[in-house]
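Paired with chain B in one complex and with chain C in the other, chain A is shared by the two complexes that follow.
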Partner chain A sequence: MIKEMAKDVANVKERCQEAYQKAVVLQEKLNDAITLVDPSEQLESLPEGGLFHGVPIALKDNVSTKGILTTAGSRILSNYVPVFDAEVVTKLKKEGAVIIAKASMDELAMGGTNLTCYTGPSLNPWDTKRMTGGSSGGSAALVASGVVPMAIGSDTGDSIRKPASFCGIVGVKPTYGRISRYGIIPYASSLDHVGFFTRSIEDACISLQALAGRDDRDMTSSYREVPDYLSLLDSDLTDKKIAIFGNVQDALTNETTKDLFTNLMKQLEKKGAKVDVFHFSEDLMKAMLPTYYLIANCEATSNHSNLDGIRFGVHEKGDSMEEIMTNSRTKGFGLLIRKRFVIGSYGLFEENQEKLFKKAQKVRRLIVDELNECLKEYDCLIAPASNDIAPLLNDTSRDELSDGYLIVENHMVIGNFSGYPSMTVPMGMMDGCPIGVNLTCRAFDEVTMFGIGKAIEDITGYKDLTAEVK
Partner chain B sequence: MEYQATIGIEIHCELKTNTKMFSGAPCSFGRKANTCTNEIDLGQPGTMPCVNMEAVAKAIEACTALHLTIDPLVKFDRKNYYYSDLPKGFQITQQFHPIGRDGYIMIHTSEGEKKIRINRIHMEEDTAKQFHLTSKTLLDYNRAGTPLIEIVSEPDMKNGEEAQAYVEALRQTLLYLGVSDVKMEEGSMRCDVNISIAPKGSSTLGTKNEIKNINSISNVGKAIEYEIKRQADLLDRGEEIHQETRRYDDKTGETILMRRKEGTVDYKFFPEPNIVPIRLDEKWIQNIQANMNELPEEREKRYAETYGLSQHDIKILIGNKDMSEFFEEVMKSAKDAKNVCNWLLSDVSGWLNKHGETITTTKLQPQNLAKLIAMIDDGKISSKQAKEVVDDLMEGKDPEEVIKERVLNKSRMLDSLIP
Partner chain C sequence: MSEEMNKEYFKKLAKQLMFELSDEESEDIVKEFETLNKQLALLEKVNTDGVEPMVYPFEDETTFLREDEVTHVISQEDALANVKDKIEGHFILPKVVK
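Showing the complex of A and B:
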């Protein structure tokens, strides 16, 4: 879709204005944007050509945009206008992309519901009584509802791949270091990835092509050459070895999800893939969520120490610098954020580091070691992205200590622990709502990941799937 | 009672680099407030650090000059604390893997030569500068992110004289290397002194006090002598010494309590996730080491060998780097080093002091000084005559011309006397 749009130079203005208008209309129903950006000005100065020439796009609101409000979904940044563009914005602008929205997100990208944004929850375009998932929920909703063909998200635990499942689209988290993080308001630096949503694998190929590459401002970004993903796209599964994530499959409780997944595996076999079941140590799997929380919260509490109301952001009054900082932070953050900062701070205390923060890093290493074992043998690890379709907005039924929750709802964090490429593709529909399947491949092997993703897309026929918002 | 003092010193030195430690913003002193910063120095969300290799190279020079073992794997850590001068809410430093460990420097005091061990040198970034006014605080972020090295000594010093000699020796070494401006009065070199006293012969250390921000080298000695006396008086009176941070007031010559330390602060150090460890190339390090500026002790040796000057003269000359360099300029056209040295240290220095100038601001030309000395040596003029032309010499005039003129004038005067 992106390729066709970029070629259709004659309709650039009309297309972008239409997308913007559609976003304005849908905002009433979905609340999936924090800022809507009138594209008129950008349309005046579009560069010649480019992979995204005249293609309307959306950015998660933790992507810094020069001169455009960037809140990261938090009250403390609700007046923050950056003086610089994130590297991905620079790249997209160079390719001719037109920004029409800064999308809703969970506050500071923490949370998997998109209910914690300071502007309120963003709603699922397939069923507005349901969540989009988070933290990149607004971006997912804007793509799923057909407003834009691509939106940038960020993924620290599964913040792109979970909402992609709930919104019935492709959600890609490439290898750590593949896309520069410069200018992305962080959550947890060692787990943070920049990624994106599209409605087809081809569009995903083009998007990564445009976004990937070394950036000297992000020391963790890779020097590796960026392959031509689209021309290398090959859905042939002959000799491809696929490992089913056994622990996840075992813990599934939703029969329809089980059936959809089993069926898909059969189809992949039919196409020539060798499909086996791979089991990780159950103990490690149950430790995944606590390990994630510790590392993420420890890094987050440090990363967000700059939000003090002194140089930027919402400034609360106080009699001393210390009081200003305390008041700004107390009023500026939501309850969940403050809770996570406390946990993170606790984990970093000198007397706790050994048994908490450092131990979590050791467990992270063990989990990645097992993943390496798996991927030594297999090209891809596969599992449903969730047990079920998107939860209802008022759903409070989840039991955070059940296997279903610990394993099925959190297994995708393995892609963040390892930094390996991981993506969600639509797998099927239930009660008019989508559910996705997740693939994780070897480091920098996005080509294989897209190939298998394309095979799945061919099987399901879920290409350019768009929700009709009621 | 008699007491013995144990003194350790931490020195922060701003490195003289073109740009900041982790950002591309320029480093400069004395520019208009908040004009030398960018989004990284201001800790804007989403910005990321990028290691300035020029700073790493300068730190390596400092480590080499001070005989430290260099860790070729460069890593950084976060030191987390909230303070209004700290933009990110953490400082990027090297807690766990300092660039250099276990070095030393030789100092000279009235008791002779002594080796002071250096525990570590690590790289870090500077904070913003605060100006506290009566009703508000102003912040200048030009300094934020400036590369620093922190040089941590072992507690090897026992009095103010040794401490002062240590700071002076470090200052001289870093100045010769050219890695820092080392100006204590401008804050490009900052000195924190840790000091404790215990009864003479005691094997346990007393309670440690820290004296911060001493603004000149001579005040290092003064502050320590005051502090030793203050603590001794307390102990003599049977009072307890609290662990305190104090500052030196150079007007009263006293140390003043800033804050009492209630346990140590937990800085929650952890490795900086946005900086990948950098493996330094062995050849790169060697290349830096091979191209370092001459160090004071190397210059001392050379002066002894080349010019045959006395140790005393050499020390004084080298103590003033600019003067020493001027000396070498003069020596390009002079023969007798001893005479040149004497002239520089007596007549020239005297004149400069009297006129409030320095050897770098003076109009004095090195070859002119050489000429004047040659004229004395050749017996063309007397020492007395030479002293008479010092003013002219210092104004940049050629002594030959000046003397010729004077002789001519004299003969004209004599001529006119002849009837």
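Showing the complex of A and C:
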């Protein structure tokens, strides 16, 4: 779709204005954007050509945009207007992309529901009584509802891949270092990735092509060459070895999800892949969520100490500098954020660092070591992205100590621990709502990931799946 | 942690982080820590003897010493564009010495 749009030069203005108008209309129903951006000015100065020439796109609101409000979904940044563009914005603009929306997100990207944005929850385009998932929920919904063919998200735990599952689209978290994070408001630096949503694998290839590459302003960005993902796209599964994530499969309780997944695996075998089951040590799997929780919150507490209401952001009055900071942070952060900072700070206490934070970093290594064992033999690790379709907005039924929660709902953090490329692709529908399958491949092997993703897309026929918002 | 993890404990901790917690919010965190501590016990069960902490996904060198050239400069006006109270290129804050 992106390729065809970029070629259709004659309809650029009409297309971008239509996308903008659609976003305006859907905003009433879905609340998926924080800021809608009238494209008129950008359309006056579009560069010639480019992979995204005249293609309307959306950005998660933690992506810095020069002169455009960038809130990261938090009240404390609800007046913040960056004076520079994030590297991904610079790259997309060079390729001719047109920004029409800054998308809703969980506050500071912490959360998996998109219920915690200071502008209210974003709603799922398939069923507005349901969540989009988070934290990149607004971006996912804008792609799923057909407003834009691509939206930028960020993924620290599964913040692209879970909403992609709940919204029935492709959600890509590439290898750590593949896309520059310069200008992205951070969450947890050792786990944060920039990625994106599309409605097809081909569009995912074009998007990564445009976004990947070394950036000296992000010291973690990679020097590796960027392959031509689209021309290398090959869905032939002959000799491909696929490992089913056994611990996840064992803990599934939804029969329809089990059936959809089992059938998909049979289809992959029919296409020539060798499919086996791989089990990780159960103790490590149960420790995945606390490992993530500690590392993410400890890093976040430290990263967000600069949000003080003095140099930028919402400024509350006070008689001293300390009082200004305390008042600004108390009123600026939602409860969930303050809770997470408390947990992070607790993990960083001198007496807890060895027992908690460093322990989590050691367990992270053990989990990644087992993933390496798996990927030594297999090209890909695969599992349903969730047990179920998107939860209802008022659903609080989860049991945070069950295998279902600890393993099935949180297994995708393995892609953040390792930094390996990981992607969700639509797998099937249940009660009119989609559910996705997740695949994780070797470091910098996005070519294989897209190839297997394309084979899945061919099997399911879910290419350009679009929700009709009622 | 010798101190009891009660409401007062978390309020004190929040103060160190430069924000306040209401009674109700603090009570909420006390309850959340009950679940968190059970989850942390799952972490503790894993034997990590002799394992090095994993700080970043890759240990490849991606940093370098750049040439001493001025690049990506923003003006003073831009640097202070988001400051609420400013005068002649400075932030305005309440007096520190009173």
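Definition applied: the second predicted complex is superposed on the first by the 470 of 470 C-alpha atoms of A that agree within 3 Å, B and C clash if a C-alpha of one lies under 4 Å from a C-alpha of the other, contacts with A are read in each partner's own complex, and residues count from 1 in each chain.
In the analysis below, a contact is a pair of C-beta atoms (placed from the backbone, for glycine too) under 8 Å apart; a residue touches a chain by one contact, two chains touch by 3 or more.
Owing to the predicted nature of the structure, the values given are computational and were not obtained by experimental measurement.
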Touching partner for A:Gly318 - first (chain B), second (chain C), both, neither: second
First (chain B), second (chain C), both or neither touched by A:His53: neither
First, second, both or neither for A:Ile184, with chain B first and chain C second: first
Partner chain in contact with A:Val83 - chain B first, chain C second, else both or neither: both
Partner chain(s) touched by A:Leu401 [first = chain B, second = chain C, both, neither]: second
Chain B versus chain C as contact partner of A:Arg217, first or second or both or neither: both
Partner contacting more residues of chain A (chain B vs chain C): C
Partner chain in contact with A:Val342 - chain B first, chain C second, else both or neither: second
Chain B versus chain C as contact partner of A:Glu299, first or second or both or neither: first
Which superposed partner A:Leu289 touches (first chain B, second chain C, both, neither): second
Common ground on chain A, meaning residues reached by chain C in one complex and by chain B in the other: 80, 83-84, 190, 216-217, 219-220, 301, 308, 310-312, 321-322, 325, 345, 349
Chain A to chain B touching residues, read off their complex: 62, 64, 70, 72, 77, 80, 82-84, 86, 181-186, 188-190, 216-220, 298-299, 301-302, 304-308, 310-312, 321-322, 325, 345, 348-350, 353, 357
Touching residues (chain side chain B, partner chain A) in the complex: 39, 42-51, 78, 80, 82-84, 87-90, 137, 139, 266, 268-270, 273-276
Chain C-facing residues of chain A, complex: 79-81, 83-84, 176-177, 190, 216-217, 219-223, 283-284, 286-287, 289-291, 293-294, 301, 308, 310-313, 315, 318-326, 329-330, 333, 335, 338-339, 341-343, 345-346, 349, 351-352, 355-356, 358-366, 368, 400-401, 406, 417-420, 443
Complex interface listing, chain C residues touching chain A: 1, 10, 13-21, 25, 28-29, 32, 35-36, 38-40, 42-46, 48, 51-58, 60, 62-64, 66, 72, 74, 78-79, 81-85, 91, 93-94, 96
